[in-house]
């Protein structure tokens, strides 16, 4: 049972680790089931590859399984074999039914947080000079229009933020505006949530379409103020 | 049944076909086909398991002259033209860029007058600095500026003016293109834009 | 006439409301419907016709399938001569006759493979002219000088190919052999140009440059020299070698599975090894070429780069990572099987290193396959606080992926070196020192790659892309370039303790070879879809808009069935080509008394293999 027992223990240990250990490491969170399945699949692939590297290990690994499924004179195992042969297809059928039947669980969501901007917004650069006055002005506009949601500290924790899911972007987080260019911010501010392409799930974002309210120059100044206030700098490509 | 479920069913039956072949058929070649079927079916199942996104083409924008009220509206149209029909962004960038093959247009609206810009777009060789050089390393794929109002790009006068307005806006300049300059179909054309310099090729000294 | 088409379409719609998804399976119906192209033309509109359609399968899908098959076949006929020529040179310099035999065996395929490719090219051209007149008009206008050049190249290539193949036996000795080798070089030389000329047309579509006035040749030249032309040329050249190698491996694998005597088993086992080796060799260089291509795309147009890597195609790259992962695992698995089965008694010695390599390979794969934004239900997403996992999210970005792909290349290379050294004992006095040097180079390189990868998180993107990723690549290349000659030198004086036993591999080795070939073909079809979809709704990116009803890009799932169909058809076509080419051998062998035990004259490729397989 050694060659077969160890892999089973390994799989179980892997599952326990992913499900019950990893989420409780500080700074972590529960893994979605899709990721757990992926890692378990990799583990299983590794086990099969390793166990079939040589003739002996392959026989030790497959032998018991083969005997169980096709061998003769296995005594009491006979009943278990039939049980497995009947239950396994039923299990597959149940899974298939479960995945296709109508349910009240909302479908998995996959929202691209930073989708590709339309062509006319990729190559812009800020026409407003980066002077202290302009930055101050931008921060002023920010305080008036943006801070209710994105927060006076640029941390996405404004007084109105709690009402939204997904939450307003946290500009202090290095994976938000620090990963983007000024032109990208210009597009997002100007066109708002409704201006997102379909992969960005425009119906989910509550960001207003500011082009209706603010002139372009103000938006550019807000961008200057935002980067300065959040202590980030825009991404540069080549 | 949703479309994805139908496709999953197809992929599953391909896998099933492969398994049946491997279980019951002895001929090597058919067995390999069965094996390939399993692999391909699993590939399709995997592709069906990730989020399904189709990319739909955006609606084509038709410019309506009547909707243009302010110079900013003109610049907005210019922005679209600059990055699509006008093909300007194939070579030029706004702001420094290593990959751009041609001069950076940042601040060009502040440096040059409207009429000069118009001439540069329609007759690019009319006014060329002697000893003109790019700053920095030579560009990998240099290109010659084509006349924008001729084929294959063939922008109309309105579109060129819109691009100029956009360039002025991107330079932080007041837009000097006014709505009255635009040609409205059916009306007599307004006064032609005068050339910046004499018709002959002007040569200037430059650093 | 319009009426008639309408009725047909309505009838078809009535037959199955799910026409879309059946389309891929009903290609045959599409072929039969070819004559109706004429009927489907839009007649009533004014001005020149821009698009034509074909009922049921749709013009775009038909073009897609034919273009993909043409491209795969083209990759095959360009990869095989490189492969064959390399083998011939090895035989010529090294004097091993079996390499010459192998080269000849593959060149034999070329004539039929070449005509099949040309056939599909012709079909593709007619379909393009019929379905997309507007686009073809535009491209012809720009590229017609290179169209003529392409025709000329075809004449040269065909002539060289005929000389090369039919002159094989006549040009075996002395100077004649040198001439033959030169002919082989010439064949590959023309083949290279046959590849890069149409590459210019395709790359112009995704990265056009401005065409100014000038003569026809100047215009064509300017358009040819577009930013992604050379990256694609290099990428495809290497990929073709990989394809040729792995298909050779798969062919050997199938023949090995169905071989009946020791002689055949030994020969095809060895052929599978050579094919896998050449495939892996190319595979090691492929990620670098791909990285360069991606960089050029980002430089050319960020929007296209983001669409590919972060936008609507981002999931495609997770699938790609999985396929490449299977390919790496499959290739290494074959190496490892080779060690345990071909070198008797080595299993216990190499079991530990293999386990370590496998574990590190799987860890790298796990990192590579972890997406940045995860598939999660709303409940799960709330627990994570968004679509990114707070801890594992860091594995989803480019810095991590670059690092692990470099490490995977290193591991695969080590696997190969291990295979190379297996069963040999070093006798050189400096062996210990040499091994220590190699070991430390490897360890230091791995550490450097990982350090650069981790450091990459803390520097601006531009520094990471320009310096860190490039250094990682250079480090890996450095390792390959130092260890290969050192090992070769070490083995020159080494004593062989255990001879390699050919023909003792288990059947799963044959299936592993087939799996690798299928993965390469699937990857090529997948990236074909990626290249086409990255242009989104443009024929020529940013210049000519696709205004046909097929301007949308289909979702990955429904596209995957068409990709699977293309892969399967290609495998069948290649199997057919192999079958046709080897039919003569079988007949000859059947007449000779040597293989009297052949039960019937059906070639093994056709499934006529014996039932006594066990």
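A few remarks follow.
Labels for the chains are A, B and C, by order of writing; each one numbers its residues from 1.
Quick note on the criterion: a residue touches a chain if its C-beta (ideal position, glycine included) is under 8 Å from a C-beta of that chain, and two chains touch if they have at least 3 such contacts.
Small disclaimer: the values here were computed from a predicted structure and weren't measured.
The interface with the greater count of contacting C-beta pairs, when A-B is set against A-C, is A-C. Of all chains shown, C has the CA centroid lying nearest to the centroid of every protein CA atom.
Centre-to-centre separation of chain A and chain C, using mean CA positions: 30 Å. Taken residue by residue, chain B touches two or more other chains at 49-51, 53, 55-56, 58, 83-84, 89, 98-99, whereas all remaining positions touch fewer. For chain A, residues that reach two or more other chains under the stated contact definition are 34, 108, 110, 118-119, 122-123, 197-199, 237-238.
Within chain C, residues 299, 307, 312, 315, 375, 542 each touch two or more of the remaining chains. The part of chain A that touches chain C in the complex is made up of residues 22, 25, 27-35, 38-39, 42-43, 45-46, 49-50, 52-56, 58, 105-119, 122-123, 166-167, 175, 179, 197-199, 233, 235-238. On chain B, the positions that touch chain C within their shared complex are 3-4, 6-7, 10-11, 14, 26-32, 35-37, 39-41, 43-44, 46-58, 60, 83-84, 87, 89-91, 98-99, 101, 140-141, 143-147, 152-153. On chain C, the positions that touch chain B within their shared complex are 18, 20-21, 25, 208-214, 222, 225-227, 254, 257-258, 299-300, 307, 312, 315, 318-319, 322-323, 375, 511, 514-515, 518-519, 522, 533, 536-537, 542-543, 545-547, 551-561, 563-564, 567-568, 571, 575, 604-609, 611, 613. The part of chain A that touches chain B in the complex is made up of residues 34, 100, 108, 110, 118-120, 122-129, 197-199, 215-217, 237-238. For chain C in complex with chain A, the touching residues are 295, 298-299, 301-304, 306-307, 310-312, 314-315, 329, 333, 336-337, 340-341, 347, 351, 354-355, 358-359, 362, 365-366, 369-370, 373-378, 380-381, 383-393, 460-462, 465-466, 506, 508, 542.
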